[in-house]
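Each of the next two complexes has chain A plus one more chain, namely chain B in the first and chain C in the second.
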Partner chain A sequence: MEDLAIKILGAVLTTIMAFTVGMFYGGFVRKLTARVQNRRGPVVYQNFIDLLKLQSKTTNIAHGFMHHMAPIWMIIASLTTLMFLPILNGNLWFPNISFHGDLIFLLYMMVFGSLGMALGAGQTGNPNSAIGVTRGLSQMVGFEIPFVMSLIALMIQYKTTSIQDIMIAQNESGIWNMFSNPFAFLAALFAMFGMFRYSPFDIVGAPAELASGPVSEFGGKYLGTMMTANSIFSFFKLTLYVNLFMAGAGNINDVGIVATLIAIVILLIKTFALYMVPVFYGWVSPRYRTEQAIRYFWAWPSALGLIGIVWALI
Partner chain B sequence: MTITENNIKQPIGEYIQNWARKHSLFVLAYGTGCGAIEIPPTMTSRYDAERFGIRGAATPRQADVLLITGYLATKSLKRVIRVYEQMQDPKYVIAFGSCTINGGMYYDSYNTINALDRYIPVDVYINGCMPRPEAVISGFVELQKQIASGNAYNATKYKENLEWYRENQKKIIKNWRMPDYNW
Partner chain C sequence: MNSFFLILLILLAGAAISFALGKISSIISGTVAFLSIASASVLFFTQLKNNTYIEFPLGEIQLQWGIDSFGYIFALIVLGLGSLASLYSISYMQNKERTGIFYFNFVLVITSMVGIIFSQDFISFFIFWEIMTWSSYLLIIFNKKDVKEIGVKYMIFSAIGAYSMLTAIVMIKGNYNTFLISDAIQAGAFNFTNNEYIPILLLIGFAVKAATMPLHVWAPKAYSNSPMSFTVIFSGAMSKMGVLGMALVLVRIFTFNANNEAILPNFSPIILQQTLAWLGAITAVIATLYALMQDDAKKLLAYSSIAQLGYITVGLAIGTKLSVMAALFLAIVHGIFKGALFMVAGAVERQAGTTDMTKVSGLIRKMPFTFFTALIAIIALAGIPPLGGFVGKWMLYESLITESNSYFLVILVFFSSTSAFLYCYRFLFGLFLGQEEEATKDVKEAPITMIIPMLILSVLLMVTGAYPGILFDPIAKGMETIGFNNVTWDMSVLGNIWGNSVNMIYVWLTIVIVFIAAFIFLTLKGLKGTRYVSTKDISTSGEIPLEHENLTFQINFFQPFRRAAAPMYKRSMDKIWNEIGSGLESLFNFTRKIYTGNGQTYAIFVIAFLVLMLLLKDTLFLN
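Entry: the complex of A and B
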């Protein structure tokens, strides 16, 4: 009974943390972008204000069942993926339901949100949405290949499909995967550019070209829910990367309150540093066309992924 | 529980909602007329409207504020009406320039409308031919004041007086080939 209570409490804590951190990161990016463009920019909690405003819109249109379902689907998919991810090493405070083989499971679950989005956007009947969905799925086919390759390299290297085990192994050997298999890391890093959809890979939303693409018919509360889902999902992606390549955060032998807080701070530092990579790259890049983006992913990143697998084998 | 600010009493829930609405305005710029050229400087580094929470929206569904930036040709009026009716409540309209107020220098033109608020309700007018970015931002601040005081209810008025608006609109748009309700 107590076990279950701790699990539920942990799940709630994880959700709150992922939401807050994801939203704040979005705000930081807006602020930093503004500073780079020599503007003052919005306040860092601007995303929370936007969310509150979107949730206090009083009308919403209806295009049909899947249109209603899409935001819910997205948020469920984000939360599910989050629940299967070990947030800290030594899962006492965030006892999520990670298990052996969760890496493969997560690989499947990660595309669920986008699929729900695609179905919902399809039902709105807006031509911009249709183009956006096509582009999004093509881009996903693009970046999934280097991403999966780098994950396979890790699986071969450690002979396990459990994220927790990979974290522990890194902590024991003291070398992050980032350094022990740099090729796999680079491949995954390139895939990350596609995942976060900053320039030059913002071909899905493409403001001023596709009128925000798949979400063009979603306003008010629907948009707010999607924003929440996206924030949670970006925290998930960052934490997954940190777990896999930067040894995660926290120490399995020390799970006291102070140690946990320190671990969370370390996690935040690592995720933020990682998050800045696609953001920095985005600041100096224009937008690719769809076929350029796919070619980009299938060229060097995939080659690096392949080298990573070979590296892990020998 | 109520909150009193600037002599206006509001329930606390409404106060918070209005505060959020005020600080997060997604703008859909309908770039008619000459005024559209004033939007880029307003949004970019020089005048930086984003520090007020003003941000561009891509589609009417996501937008809160509709900007009409200058004279409206009779043809574009139809599109403006559709766009306005597709926006979700609460929604606001800001009209730029003398042309939207009384026709400006196109007051006797055969193919522009004169007073915009006969066709859609306008919350804030910014005068000038054309208004500079400072004036645009001051217009936004005026709108923020209205929102904060809970007085920006023009969208409701539109629904209540729909017949009158429709009558005016149909006088201009002869080939009214669209549904009578667009929302």
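Entry: the complex of A and C
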């Protein structure tokens, strides 16, 4: 019983942490982007204000059942993937249920939200939404290829499909995967550009072209819930990358509060550093056309992924 | 009377009676067909025990029928899906012409498939196989559309398969002097040591029905042009007969080491195995690329069937415990979800008149139950957790990564299954989402006899997602029958040989808890304020569209993807076969120059021959 209580508490803590961190990261990016473009920009906690505003709106319109379900699919995908991800290495509070899933499962669970969202956007009948969805799905076929190649490289290297084991193996050998298999890391990093959809891969929302695409018919509580889901999902993706390539939150196996806090700080530093890569790349890039984006992923990133697999085999 | 004969007799009688009643009423005829298939299924699953055999002579040949655990897997697909499809077709075929012929052939196809499962000797196997081919041929040309192209193509490829199979059977008789499958296996007819042509010829015969590249070209149009209630069986169950045969032959090609893990005996089967696996993967990729370019939902599903059969071929060809299990699991689950999807396409065709996605859209509010089935089946087809499709895909990937060292094969399979998201979305969006147009204003939900089978199939998909062990049980028994030992399985935990696992119960629990919480929150919050608006009440960049403006986006749906993948669309197996065909034609044209069909030319030949004989008589007939 006590065990279960700790588990539930851990799950709730994980969710709150993922939500807060994701929202703040979003705020940071807005602020930094503004400064780079020589604007003042919103405050760092602007995302929280936006969320509060969206959730407190009273009148909403719905286009039907799938439209109503779209944010729900997204939050299911975000929370399920988060629950199956080991947040800290060997910590009492945040293992959640990560022992019951593996990489291939997460890979498939990650697309759950996008597809649900796509269905919701489809029901609105807005042609811009549908165009955005076709672009998004096409782009997904693009970046999933190098991503899965780098995952296969890691699985071969450590003979496991569990994230936990890959994390432990890195801590034991003391070498992060981004150094022991740089090609796989680079492939995954390129795939990340597509995953986070900053410029030049912001073809789904495409401001001024598709009028924010799939989300254009969502407002109020729907948009708010989607924003929450997106924040949690970005935290998940970053933590996944840190776990796979940067040895997670380091080698801290203490269950004490101080050790946990230190581990969390390490995790935050690593995730933030990683997050800045697609953001920086986005600042200096114009938008690609869809087919250019897909070809981008099938060219060098995929080649790097192949080299990564061969590297892991030798 | 013996249950084997009784089951076949009930089915044959059902076929005959429904043919006779077809003139009177299609509903009565359909009901008879349904009742005969359903009662045969009940008899099969209650009366027949596994591993019972009967023998009887046919002339001088001893025939053997029986049922083992391996055949049982396929009997589940054939009879289960057969009963539901025949229930479905009562309403689907209502008010159509020539329903007697339809039901006659429909029940005959089921009969022949049950016969194939019963057959333990090659003679009855081949006879039932041919009955299956012929009765399905009559159903393919039932709609009388493009009979020449579709029917002839199907017949030619079936003939290629049948002749190679017949040759193999004759060779087995010649080499081992037996017609019994078990004797041939005992003698090692399939394992490449004595005669490598036998397994290859048999595999060609089975690969035609399983639509493996390069023998798949008959499939897209044959699937999409038959009446949908038959395509459910055609794609869901009949293609699995090819899988049955392939599994039977392929597993025998592997030999087994001390732990009864399948290993490969010598060099040439490795090539065969790798060739088949790559063919399967390439089939999957190409069929997927074509599926996502289709505008007709039926064609989309047809191509997608070929792609899914490609995965099954990969699993069988790799031949480890996990991969064969994945292949057989996918075979059953594919039967379920593709059956459901073809039923959906049939329901839309019946209610809206067409399945052309550029003409129909926005049916979700008119056909909610059909949409629900389509949604569940598509999630399973895409392999997204937590439904049955994911379980099969997971096992296939894990077996490829952990057991086979075919890492590049994984990438190919993965590419195909990621691209599959595109056509999955297209199917749902094309038929059910998008703008609600005037043309489909009066469409109603399909009748209840069509809804019930669809809902049963969607529930099955959810159950197999949470408790895949229900299917692992017969599959493991069947695999032990064909040669694997100690096939382990768990009710809802999937595991690979590296010791990693996925627990489907935890997946379901998490998803359901989050779903309920989010659903209650979103629905109750501002329930009064939330109002429904039509699909025309939208904002497109600040402009509000008028009622008569058509905002449907359906044509050139995946154009950017097509542009990006343009090089992959250049070649087509169809073209290659056509080139072979025209090559043969010119060869035949050349022979026409000799065999002109003119009596005088033949007379000249005869005279020329005689003159030649006379001239050469000294050299030829000396002494």
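Following the convention adopted for this analysis, the second predicted complex is superposed on the first by the 308 of 314 C-alpha atoms of A that agree within 3 Å, B and C clash if a C-alpha of one lies under 4 Å from a C-alpha of the other, contacts with A are read in each partner's own complex, and residues count from 1 in each chain.
Here is the rule we go by: a contact is a pair of C-beta atoms (placed from the backbone, for glycine too) under 8 Å apart; a residue touches a chain by one contact, two chains touch by 3 or more.
What you are looking at is a predicted structure, and each value in this text was computed from that prediction instead of being measured.
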Touching partner for A:R39 - first (chain B), second (chain C), both, neither: first
Chain A residues touched by each partner, larger count belonging to chain B or chain C: C
With both complexes overlaid on chain A, does A:S216 touch chain B (first), chain C (second), both or neither? both
Would you sort A:I61 into first (chain B), second (chain C), both or neither based on which partner it touches? both
Contacts for A:V141 in the overlay, against chain B (first) and chain C (second): which applies, first, second, both or neither? second
On chain A, which stretch or stretches are contacted by chain B in one complex as well as by chain C in the other? 57-61, 128, 211, 216-217, 220
Contacting residues of chain A [partner chain C, same complex]: 55, 57-66, 68, 71-72, 75-76, 79-80, 83-84, 97, 100-102, 104-105, 108-109, 111-112, 115, 118-119, 122-128, 130-131, 133-135, 137-138, 140-142, 144-145, 148-149, 152, 155-156, 159-162, 165, 211, 216-217, 220-222, 225, 289-291, 294-295, 298, 309, 313
How about chain B: which of its residues touch chain A in the complex? 16-17, 20-21, 23-24, 44-45, 48, 50-51, 53, 55-56, 58-64, 86-90, 183
Touching residues of chain A toward chain B in the complex: what are they? 30, 34, 37-43, 46, 49-50, 52-53, 56-61, 128, 207-208, 211-212, 215-220, 223
Complex contacts: residues of chain C adjacent to chain A: 362, 364-365, 368, 375, 382-385, 390, 393-394, 397-398, 401-402, 407-408, 410-411, 414-415, 418-419, 421-422, 424-425, 428-429, 433-436, 496, 498-503, 506-507, 510-511, 514-515, 518-519, 521-523, 525-526, 529-541, 551-553, 557-558, 560-561, 563-565
